[in-house]
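Please find one structure pasted underneath; my questions will follow.
We just call them A, B, C, D and E in the order they show up, numbering each chain from 1.
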Amino acid sequence: GSSSTETTAATMDDARDVTLILGAYSTPQEAFKVIIPAFQKQWKEKTGQTVNFQESYEASGTQARAIAGGFEADIAALSLEADIDTIQKAGLITTDWRTKPHGGMITDSVAALGTREGNPKHIKDWEDLAKPGIGVLYPNPKTSGGAQWDVNAIYGSGLKISEEKGKKDPAYAADLLKRIQKNVKALDKSGRASMTTFENGTGDVVVTYENELIGRNLEGQHYNIVVPNYTILIENPAAVVDKNADKHGVRKVADAFVEFLWSAEAQKAFAEKGFRSVDPTVAKQYEAQYKTPAGLYDIKYLGGWDQVRKDLYQDGALWDQILAGK
Amino acid sequence: MRRLSISITYLVFLVLLIIPLGKIFTSAVSTGGSGFWHALSTPEALHAFLVSGLIVGTVTVVNTLFGVLLAVLLVRETRISRRIRQFLNSVVDLPFAVSPIIGGLMIVLLMGPHTALGTFFEAHGLKIVFAMPGMILATLFVTFPLMVREVMPVLQEVGTQQEEAAYTLGAGSWLTFWRVTWPAIRWGVLYGVVLTIARALGEFGAVLVVSGNIINKTQSATTLVYQQVENFNFVAANSIALVLAAFSIVVLLLLEWAKKRKEVC
Amino acid sequence: MQIEVRNLTKQFGQFSAVENVNFEIQEGKLIGLLGPSGGGKTTILRMLAGLETPTCGDILFQGSKVNHLPPQERGIGFVFQNYALFKHMTVFDNIAFGLTVQKKSKREIHNRVLELIELIGLQGLHDRYPHQLSGGQRQRVAFARALAPSPQLLLLDEPFAAIDAKVRKELRTWLREMISRVGVTSIFVTHDQEEAVEVADEIMIINKGRLEQKGTPWQVYKEPQTPFVAGFLGESNLLSDTAQLVGFESVLQKRLAKTRVLIRPESIEVGREHEISNLAAATKGIVKSVQFRGTLWQVEVEVGEHRLIAHRSLEKETLLTGEKVAVLIHSLHLFQNDESLFLENELKRANTRAI
Amino acid sequence: MQIEVRNLTKQFGQFSAVENVNFEIQEGKLIGLLGPSGGGKTTILRMLAGLETPTCGDILFQGSKVNHLPPQERGIGFVFQNYALFKHMTVFDNIAFGLTVQKKSKREIHNRVLELIELIGLQGLHDRYPHQLSGGQRQRVAFARALAPSPQLLLLDEPFAAIDAKVRKELRTWLREMISRVGVTSIFVTHDQEEAVEVADEIMIINKGRLEQKGTPWQVYKEPQTPFVAGFLGESNLLSDTAQLVGFESVLQKRLAKTRVLIRPESIEVGREHEISNLAAATKGIVKSVQFRGTLWQVEVEVGEHRLIAHRSLEKETLLTGEKVAVLIHSLHLFQNDESLFLENELKRANTRAI
Amino acid sequence: MVVKNSWLKRSVQSTVLVYFLLLIVVPIVGVYVQGLSGGWAKFVESITQPIAWDAVYRTIKLALIATVINTAVGTLIAWVLVRYKFPGRRLLNSLVDLPFALPTAVGGLMILLLLGPQSWLGSFLKGYDIEIVYQPTAIVIAMIFVTFPFVIRTIQPLLEELDPTEEEASFTLGASRSGTFWRVIFPAMRSGVVGGAMLAFSRALAEFGAVVLVAGNIPGKTLTASVQIYGNVESANSTGAAAVSVLLLTLSFVVLWSVNLLTAGRDAR
C-alpha cells in the first residue's frame, strides 16, 4: 500500500513522526548504518520528533533512474554528479544543490586497484591491468556510477601518461581502456556486486572505490590497495529531492539530514568506513589511511561530466565502440 | 538398464538439487545456529518475509481464481472458435517467455507515475510502481501461465460426460462446476497453487524493476537475498535462501503427501 | 411422458448423423433403439436429452416443444454408455446427486437412496467408490442415479455394452422388470437385436441416420419393411435367383428382375422324409455340413443352385454330410423396389387345408 | 504349432489366478477358452505369450520348453482385448509393424500389408488412424497386425468383446474362415458360450483358475462333467426336487439327496397334444407365459411344482397363456457328488423302439 | 449443448477475458509498441547493433544447448519416475519442481558457491585451466537449472496415460525393448518432449536472475539478451530494451504457437 506520508501537506512538518526516504548508491550503506541513528537521536533531542527512514541501495545509475522514474526518495545520495543531474533533469530537484557546502559533495575517494593479498601478480599501475593473463573486474558503467569513475580513471590516466610522453593523446587513452577491457572477467551491475565477485575469488584485480577496499580490509580482508600514480578523485554528491520532500512535507528534516552529512560526526563515520572526508579537519585526522598520489586529477581534467558523457558514455561513444570491438 | 537409469536420475538430482541445497544449508549455519537466527530476525528480513508473504498470498488467490476460470473457458467454451482458443492458448504461455525484466519494465512504462494510468491511480491515492501494487502486478504477470497450464490438461482428460450426467440430473452450470468439475480438477488446481506460491516467492527480475528495493518497504525476501550477497553477508543471504527453499520443499512435500493419502482411500 | 419427434435432423458439418426422423412414443413404453454402429442412435438420444441441439426438427414432450430447454429442465434421466459415474463420489452420493440438486431434505434423500440401493441389490456397498465396483454393479448405480429424481423419461445408451454376456442376460431381465415396475417411459439404445427383442415393447431400427422401421419386435420380425431390417434381425439366407423354391412358384414367377428373397434359417425345416411335417410342400436337398450351434444344429443344405442355412433341433437325429434330405421352406420375405411381401408356402397351406 | 502345457500355475501374491492347468493342443486347431470373468483366461494367454512368467509349470511349443523365451522370440501373434493398436500409426503402419521389425524389404512389406488389408476388407482405409475407425474395423486391423509376421500361434483375448452383436457374428465367421485358411494354431478367449461353440474346434472351460473341461463343443454340451460346465453352456432349468419328471422315474427314484438336475430348454418339447412327437413320454403342464425371443418362442410352463423354460419353433402355432399343453422332456443331466449322468427319457425310448 | 446463457455466466466470462487482456495481452502489446516507438529504422538499428545482436545470438545458442541437454536428461528422468518403483521416488518426484520454487537469484548463487573459483570443484578445475563461472558454461548450467522441470512435467502425464498393452503388442510382434521404445513409446511421448523442450527453450531465452550472477555479462563474450535488456533499461534506453525484447518475444511466440499446433494435432487424435 501507500505510505501515510505521501498525501500529507507541508504544514504537517511538525507532526509527531516523519519518514525520510533515502535513495542511495550501493557502497555507503555501512556508513549510513551509523549516521542515520545519530541523526535520529540528534533530531529527536532537538525537536522531539521521531524520524523513520526508508532506505534503498542500488547501483548509482539504477537509483538515479528509479528516482527520476517515480521512486519518491526525499534524499538522493549518489556516486556521481551526473546521476544527480539525471534527477534534476527530470524536474525533481528544483534548487541548485551545488551551492551547498563542498559543492554538494559529501565524500571523496579515489579510484584504486585491489589485489589479492601480497599482490602476487605485481600490479602497480594501469598498464599492468592490460597484461595478458590478468583478470580484471569493474562493474558496468551503464548501470553503475562506480564503474564510470573507474573507466574515467583509466581513460584519464591514459591521457595523463600520453601527456607525460609528449602530447595528450585520446587515441592512446582509448587503446589503454580497450586493452584493459579485454581482460575484464565480469561486468557486474554495481560497484558492490563487482566487489562481491572479487571476494568470491574471481579475478586478480578489482578497480573500485578506494573506500570500498579499505572498508573490506577493516572487515578483516587482506587486499593490497594499489593507488596508481595517475588516478581520479572521486566526489560523491547528496541532495534533497525537492519535489518529493515537499510533497511528503518533510522539507525541513530532509534539509537537516543533508546538512548533518557534513557534520563532523557524519564525516567521521564516513571516514571510518574508508571514505576521504570532505571536511579538511576530519580528513587530516584520518590521513594515515590513505596515500594520495602525485598524479591525482579530478573530473575537470576530462572536461567535466557533460563532456565525459559525450566522449565516453553516450550511445555510440567510446565505451560502446570498445564493447563493439571497433 | 533399469539400474543405470535410476542411478543417473539420482545423480542428476544430487548434482543439480541436493548438493546445492546442502551448500546453502551449510553456508547458512556456518556461523552456528545463532548467526542463522540473527539473519532471519533482523527487521529487514522480517519485513521482507512479510512483503513476500503478501505478494504470494494475493497473487495465489487472484491467479487461482482467474487461472481456473480461463482454463475452463479455453477448454469447455466450444462456442468460441477453435482458432481464437488456439491463439489465446499460445498467448497464455508468453509470460514464461518474456524476460521478467521486460515484464517489470512494461508495468513501469504503462503505470509509472508519469503515465496517464499512473497519474489517475495516484490521484485516487494508489501508488502502483515502487509500491506493493506494482510488485503484485509484476508477479501476477510472471506466474499467470502456471495455473492455466496445470488445469487445462486435467479438464481435457476428465472429459464432459460426468458434467453432462450432472445436467441430466437437473444440476445447473454452477452446481455442476462445484460438485462435479471441481473435485476432478482440484488436484491440478492444488498443484498449480503450489507452483504459483513457489514461483511468486522466487520472482526476482520483474520485482527488482518495479520495487525500487526499498528496505522495510518494498524489499522482498528474494531481493533481500540478492542485496545480502552484495553486502558480503553470505550467511544472511543463505539463511534467507534456505528459508525460501525449505518453505517451497515443505509445500511440495505436503502436496505429495496429500495426494498419497487421497490415493489410499 | 408422451414423446413426439418431428423431422429431427442433426448435421455435423456436412455429414448428416440423423436425417428427418419422425416418431411418437406412448407414455410408459419401453422402446429399443436398434441399429448398426454409427447409425445415429446416440445422437438421437442426446438430442432428446438436450445435450445436443438439433439442426432442424422439433422435439415435443407431452405435446409441447422442448427444443430450447436445457437438459436440467427436461425432467429426463440418462444412463450413459460408460456410465459416467462421478468418480469422486460414493455410490450413495452418486445416487443422491439428483435429489440434492432438488434440495430435498436430508431425511428424504436418505430414504429414497437406500430404497434405490435395495432395489438395485447393492445393499452394503453405498460407501464404495465407482472404481471399487464391477461393471455390472456400476451399471446398476448409473441406473439408480438416473432414476432417483423420478424422471419422466429415461434414456439409456447401450446400458449393457460393457458387460459380459452372462451378466448381461441377468441385467436385462432385471432392467425390464425395474422399468415396468417404475412405469417410466424409456428409450434404450442397443446394437444387439436379441437384447432389443427381449427387452423392448417396441423397437425402432435406425440405419444411416434414418428410421427404417418402428413396431413391436414380433411385427418387425414378421413384417420387415426393408431388406435391411429383415437382414438385421436374425441371420438370413438372401437369394436373388428364385428358381427351385418349391411352394412359392406362383408368386415368384410373376415377379421380374431385382427381386430379393430372404429366408430365415428357422423357417426352413430339414430332415429325413419321415420327419418332415408336410412332405408335399418340400423339395429335395443334400446336406453340405452340420454344425453344433449351442442350442441347435445348423445345417447347410444344397437345394438346386442355392445353399441354404437351416436350423434343426438337437433332439432330432444328427444328419450326415452328403445325406439326401427333404427341405421345407415354411415362409419367406420378398422385396421388390419399395414393396415387401411375406409369403407362406402355398403347397403347405393347400395341404394343411386339405387335411 | 503344437502346444503343450504342464501344471501351469500363476499366483499373484497369495492369490492363485491359474492353478495346475494341463492341456495339449494339436497343430492347426482353433481353441476357445471359455469361462466366467476373473477365471484366469487372460492370464493363461499371457503366459503362453510370454507376457507373464508362470509361477510354476512348463509351456512347450513343438515339444520344447519356451518358459524362458521373451515374447518377441516365441513366434506368436496376440490380439488384445482392447486391440492395443498403435495410436500414432496409420492402419498401414500398424499392420506393417511386425514386418518392419523383421527388416523385410519395403516392397515386400507393401505387398503383404496391402494383401492383408484386402483380406480384412479395409481397402482404401490404410491412411486412417485408429481413432478414425469403428470398433469392428479396429478389431480387424488388430487381427491383420497379429497375422502379418506369419506367427506360429495366434492368441486372441476376447477379440469380439467390444463389438456389436451383428458385426460380431459376421466377424467370427470371418475369423473362423481366416484362421482355417491361414492354418495357424489359435486360441481365443471369450465369455460368450455361443461364440465359443460356434467358432472353436475345441473348447476349454476355465473357472476359478482351473480347467474344468476340454473337448469339442458337442462333447462338452452333451457330456458336461460338472454342474458348472452344464450350467455355463446354454440356459438351463436347474431342479433339486425331481418328482413329477415323467420318463425319468426309475433313475431318479433310486438316487438320494443332494441330487441336482439340469434340463435344457431345447430339450423340452411343449405343444398341443397332436403336435408332440411322443405323447406317451410326455406329461401335462400349463403355459405361464410366451415370449418372442428373436428366433423362437420362449415358453414358460408349469409342470406340477416346477416352472420350466422351454423353446418352441416360430413356425408352430402360438401358444396362449393359460393353455393346457403336453410337455415332453427329452433328456436331462443329473449330478450327484462328482458324478454326472446324461439321461434320456425312458418312456420315449421304449416307445420309439416299439414303433 | 442446450444451455441457457445466463448473464452471470456471461459476465464472469467477460471478466476473465478482460483480466487476461489487461494482465497479459496489454503489457505484451506494450512491448511491441515501445520497441517500435522510435520507428522502424530505429528498431532495426537497435537490434542490428553488434552488441545486441551478438547477445541475442548467444542467448539463442546457449538456450538451445541447455534445451537439448534438458530434453535428454528430462526424458530419462520422467521415464524413471513413471516406470520404476524405487525407494525415494516420491521424494525425487516432488523435488523436480524445486528449481521453479527457488528464487532464480538463489540458483545463481548456488552455482557461484559450488563452481566458483573458491569452491572445491572450481579450484580443482582451475588447475587444468578450466573455468566455469563467468563463462558460457555457467550460463548453460544456470539455464539448465532453471528449466529443469519443464520437460519432465510435460512428459510424465503422457507416459502415465500410455497404454501398457501397446508395448506388449509391440513385443508380441517381435520388437525388442529398444525397438519398442523408439517405435512405440517415443512417438507417444514426442509431443510432450517437443512441447516441454519448447517451453524450456523460451524460458531459458528469458532467464535473468540466475544468469546475471554467473554470466560475467561481458559484451561479445558472455552477455546474454536479458542482461543486455536490463542494461538498456537501467541506462534509460527503454526503446532499445523493448526492441531486443520484441525479437525474443516474437521468437518465443512462434515457438509456443507451433507447440500448440502440435499438441492440438495430438488432441485431435
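Heads up, the rule we're going with is that a residue touches a chain if its C-beta (ideal position, glycine included) is under 8 Å from a C-beta of that chain, and two chains touch if they have at least 3 such contacts.
Here the structure is a predicted model, which means the values were calculated and not measured.
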| item | value |
| --- | --- |
| Farthest chain (mean CA position) relative to chain C | A |
| Top-ranked pair of chains - ranking by C-beta pairs in contact | B-E |
| Chain whose average C-alpha position is farthest from chain D's own | A |
| Euclidean distance of C-alpha centroids - chain A vs chain C, Å | 92 |
| Chain C and chain E: spacing of chain centres that average the CA atoms, whole Å | 57 |
| Distance from chain E to chain A - Cα centre to Cα centre, in angstrom | 38 |
| Centroid spacing, where centroids are CA-atom means, of chain B and chain E in whole angstrom | 16 |
| Per-residue overlap in chain B, given as positions that touch at least 2 other chains | 164, 167, 229 |
| Touching two or more other chains - residue numbers and ranges from chain C | 50-51, 70-71 |
| Shared-contact residues (touching 2 or more other chains) in chain A | none |
| Chain A to chain E touching residues, read off their complex | 59, 61-62, 65, 68, 86, 140, 142-143, 184-189, 200-202, 315, 320, 323-325 |
| Chain B-facing residues of chain C, complex | 49-51, 70-74, 76-78, 80, 82, 84-89, 97-98, 100-102, 145-146, 148-149, 155 |
| Touch list for chain B against partner chain E, complex | 1-2, 5-6, 8-10, 12-13, 16-21, 23-24, 27, 66, 69-70, 73, 77, 86, 88-103, 105-107, 109-110, 137, 140-141, 144, 153, 156-157, 164, 167, 173-174, 194-195, 197-199, 201-205, 209, 221-222, 225-226, 229, 237-238, 241, 244-245, 248-249, 251-253, 255-256, 260 |
| Of all residues in chain E, those that touch chain D in their complex | 163, 165-166, 168-176, 179, 183-184, 187-188, 190, 269 |
| Residues on chain A engaged by chain B in the complex (per definition of touch) | 1-3, 6-7, 21, 23, 26, 29, 54-58, 66, 69-72, 190, 192-193, 195-196, 199, 216, 219 |
